[in-house]
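Structure first, commentary second.
Chains here go by letter, A, B, C and D, matching the order in which they are written, and residues are numbered from 1 within each.
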């Protein structure tokens, strides 16, 4: 199998779906000749023509609102928003319109759109690194997907495009180029709603997603080598639908859980996972469910400051040690 | 002490602060002669003049964005948004601008604005009843306040207006007229960040806020009368800052906790409270921390359907019984 | 348009010849029937609200000719309609049955507009190509641009017709929608039903220009002002706009100037009276025929209302339906 | 403005007499010094970026006269400036020291612009009344309207001057801001630095009108187009706009048409060369004086850069500062 980066796998997934389904069109700022800020759409206009890849005016609410209309008009729009922070300018269209169209029309109108956005840390400062997943996960009618590996990136974007409902597809931009990983040659999709156990373990479960999967795997190696602790790493892959069963099964086995994400810990999506575990696995738990996330601060631009706010492998290692020693 | 409704107490609070501080101005749609959709500002234009109460064009992003500018220009704007659902159209200004101004300017510019909005169930359907508090509680730089009684309404709006930072002030519209309650005559504020134990109890803690406080108190009476269960009801009053200590003290005493809000349970703010209790009070807990909230659906307009989606006293009673029997 | 302009405008100057419109008696009577139907249904809705049997929804009184004139120019089944809450007359003219309106107003389980899920008047009908209306003012303008965009890409003949009030033009969505539609010459018709007031806020407190149509130039599209109580003038204007849209000449912003009539008082600006007067003057209608028509419509409407009153409330067991598609791998349970 | 118009425009027609501008040699030399300073700092920033020592920020090359001309017309300390990332020349002209620019570009702990918290060029200075610039395109237009609104209510003389690119005008915020400012005749000056392109997207793919200024009419305000490479023309235009704003006559939309110059090649549209040519022609400057000025500025700039290079990185212990006010009852710990 060929090795690919996340961004190459994304591009390949977009390309396959565009080739498969003529209704798939891309909309975004500077995604045509320029190929997008992170080159996700590079070459796609040349391959599929101008009518399939649209450079949009600088207005994120419009990109989403027009995508919603285009979906009702029979297309399968994939909207790129340059940074997830810009999604805030489209919240009314996403939350009040896209999420509710099917429900409010008794199923008569639907909104099969994908809204893709690079997100999270890795430089950019308070308004270009926000972890926005909690906003969307709370909204009935939206699906929320966050890939962590090249193979998942490709399989999940394809599933998202084929899905009949609005999907918020958040791409951890700091790992666009790393990890590189094997991506199957044959056609495949990764279904929404199925978590992945990335590493089996017996002593503690780390429930995570996105860029923190890589950090978790790194932490697991350290904990195995230095402490003899075998950590099981569960990548939820989709926040909505959330694969409760896989999480519960893992915690039942390990009796200990840390929920780990890059987003601000306070009222972050990790609270849902932790609250779920604390309720459902109460009798299994040997120690409290811990959460590791960012401090309650904007993410500063200077690398030294960003590191002081966002969590990383070392933060997780401390938490797991604390948990096992509890 | 005179008895007042929530809406009357709110109006009284606005009025006192406008009288006290000439920098306080009100901005919103139809708040002048019309007095706002729920009459929160009725009579204030007549009393304070046109320059203090502004009917704004129909654009919520503009109401917030202009308030932000006005705050930097030396005013203390209080913006009314007709329904909290319309706040989605101002998210970029609230989250990317208001919340970050002080931080990004190293404290040189500040944003002392209050954004008030009626919110939650009680009729209105999917786009006029949303419980939006989780969106804001997750954002560092914002404060989030939700009053549940007339006395708190007045004391909290006054504290919010005097606060030096942006405050999202969410008013449970279904209880604007009920409960009616005593409101002190003398000048007072209710400080942000201090929870209130509304009812003392020994057997279980209900952590709640907003319109669900009344439901909790009703449930507590039923549980006391029918089951001999003494429930302690904690109204957090402000979600950010959250009074962790009062919550922990209560759970330490009762050993059992239910977190109860009207918002969708999944990834709601209750998850934060539940995850906090599950972590911090692990050794105190006799049973799992339960959460009661709305189903993962938009809130339909028909009363029969709304009741099927939103939680109420009966839902809480079931949860407490389950918990105590655990 | 300033508030006072409403008084300066001269209403009810209906005249097919002046417009060089070739309309038959059958056409005129069909439109008159639509106007009357809208008025009579609107009256019933007002009664229901006054009686406390229903809440929500807004009267279309005064807007009938404006709405029906635009609908008269479209191609039903091909074109898309993106209405707002005030567009009762448009819905009835399209063929939405009064029964549906009443079931919706009373939030019945068999409400075909939203299954009892939305407040009244958030119109919707897949069969009629009416896009489900949001309760949020202005958002549909972007959806209209998106539908027209899809039609362009798919090579379909559809035109998107969207309605909104003058208050809605204060929203950024309006700007973004007109910009995009103008940029790509999309087949959209933006109809602003300018009644001079948004809830309590007069136009002069919303915008610094006299006419909404004055803004069309900023988007490279024609802006047309038309007396919205003159059915034939609206039809002529809308037909031009549709012809342009279908010919690939792009969008039009039509400002239909209308009065917001009180529900109870007769008004010289009333578009129904105006059309009636015109028909009488042409001898296309007699007083007796008019009475008969009203009586027939009244009987039909009352039957529809009775049916809705008797219809059962929504079944809570259905509340989770239609949140997501349940097709394929991503079907799911409620979280 | 379509892309090709840039070529059609005739640059560098600076002439004080044509504009009836009464400017002294001292004024001209001060402005020329500001233009040169901006150019030389911009060059250093380009070097830093090219060398991988810094990321972020955008060159102001070609925009200098446009920015400096507007700043020349304002009253420092009274008026507010709401810039965007491209406004380096405006900041320098206001008096922001090159040291601050470099500390900011290198995200040093003593960065006075954002304490190392923002990407470079999100300008800010309380002392200079520069409002902290967002990284989000277009949002500041509403803040400018809000500041002017506060000035109106408080009876202060302040004018809000805001800058943005032509791409920013696609945002709904732009529409809402101009609508509000026009509605209440607020003292705001909206300056669109139209360089014909937004990242990779030419103006012709953003909007269907030739000039951003064509949109001013939709907001009841004057829209003025000015050659942004002609410093004196910009000054004359900006002075008129400030005079109107101060006289209570409301906002102006100024479109300064500018080239986006490549960093390395000399260009006939270069506003610095244009002003230099004018000064030489007036014999207000000699080649030798020009060389001397550049050398002096270079030395000063290099010292500032060196100081910034040597400055320490931000101290992580300070990261939580300035999230909230810590005054009063609501002071709080991090959640």
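Going forward, a contact is a pair of C-beta atoms (placed from the backbone, for glycine too) under 8 Å apart; a residue touches a chain by one contact, two chains touch by 3 or more.
Quantities reported herein were computed from a predicted structural model and do not represent experimental measurements.
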| item | value |
| --- | --- |
| Winner on C-beta contact pairs when B-C is weighed against A-C | A-C |
| Chain located farthest away, centre of chain A as origin (C-alpha) | C |
| For chain A paired with chain D, centre-to-centre distance based on mean C-alpha positions, whole Å | 37 |
| Chain centre separation (chain C, chain D; CA means) in Å | 46 |
| Centre-of-Cα separation between chain C and chain A, whole angstrom | 41 |
| Sequence positions of chain B contacting 2 or more other chains | 57, 59, 61-62, 85-86, 89, 92, 96, 100, 103-104, 125-127, 140-141, 240, 242, 266, 296-298 |
| Residue numbers of chain D (touch at least two other chains) | 114, 117-118, 122, 134-136, 170-173, 176, 179, 183, 205-207, 323, 335 |
| Of all residues in chain B, those that touch chain A in their complex | 85-86, 88-89, 91-92, 95-96, 99-100, 103-104, 125-127, 130, 134-135, 137-141, 239-240, 242, 259, 263-264, 266-272, 274-275, 278-280, 282, 285, 287-291, 296-298 |
| Chain D - residues contacting chain C, complex | 170-176, 179, 182-183, 205-209, 214-215, 217-221 |
| Chain C residues within the chain B interface of the complex | 55-56, 107-109, 114, 116-119, 122, 134-138, 167-168, 170-172, 198-201, 205-207, 313-316, 319-320, 323, 334-335 |
| Residues of chain C that touch chain A when the two form their complex | 80, 112, 114-115, 117-118, 122, 124-126, 131-132, 134-136, 139, 142-151, 153-154, 156, 158, 160, 172-173, 176-177, 179-180, 183, 321-325, 327-330, 332-333, 335 |
| Residues of chain A touching chain C in the complex | 25, 51, 56-57, 59, 61-62, 65-75, 77, 92-93, 96-97, 100-110, 140-141, 143, 159, 162-165, 189, 191-193, 240-242 |
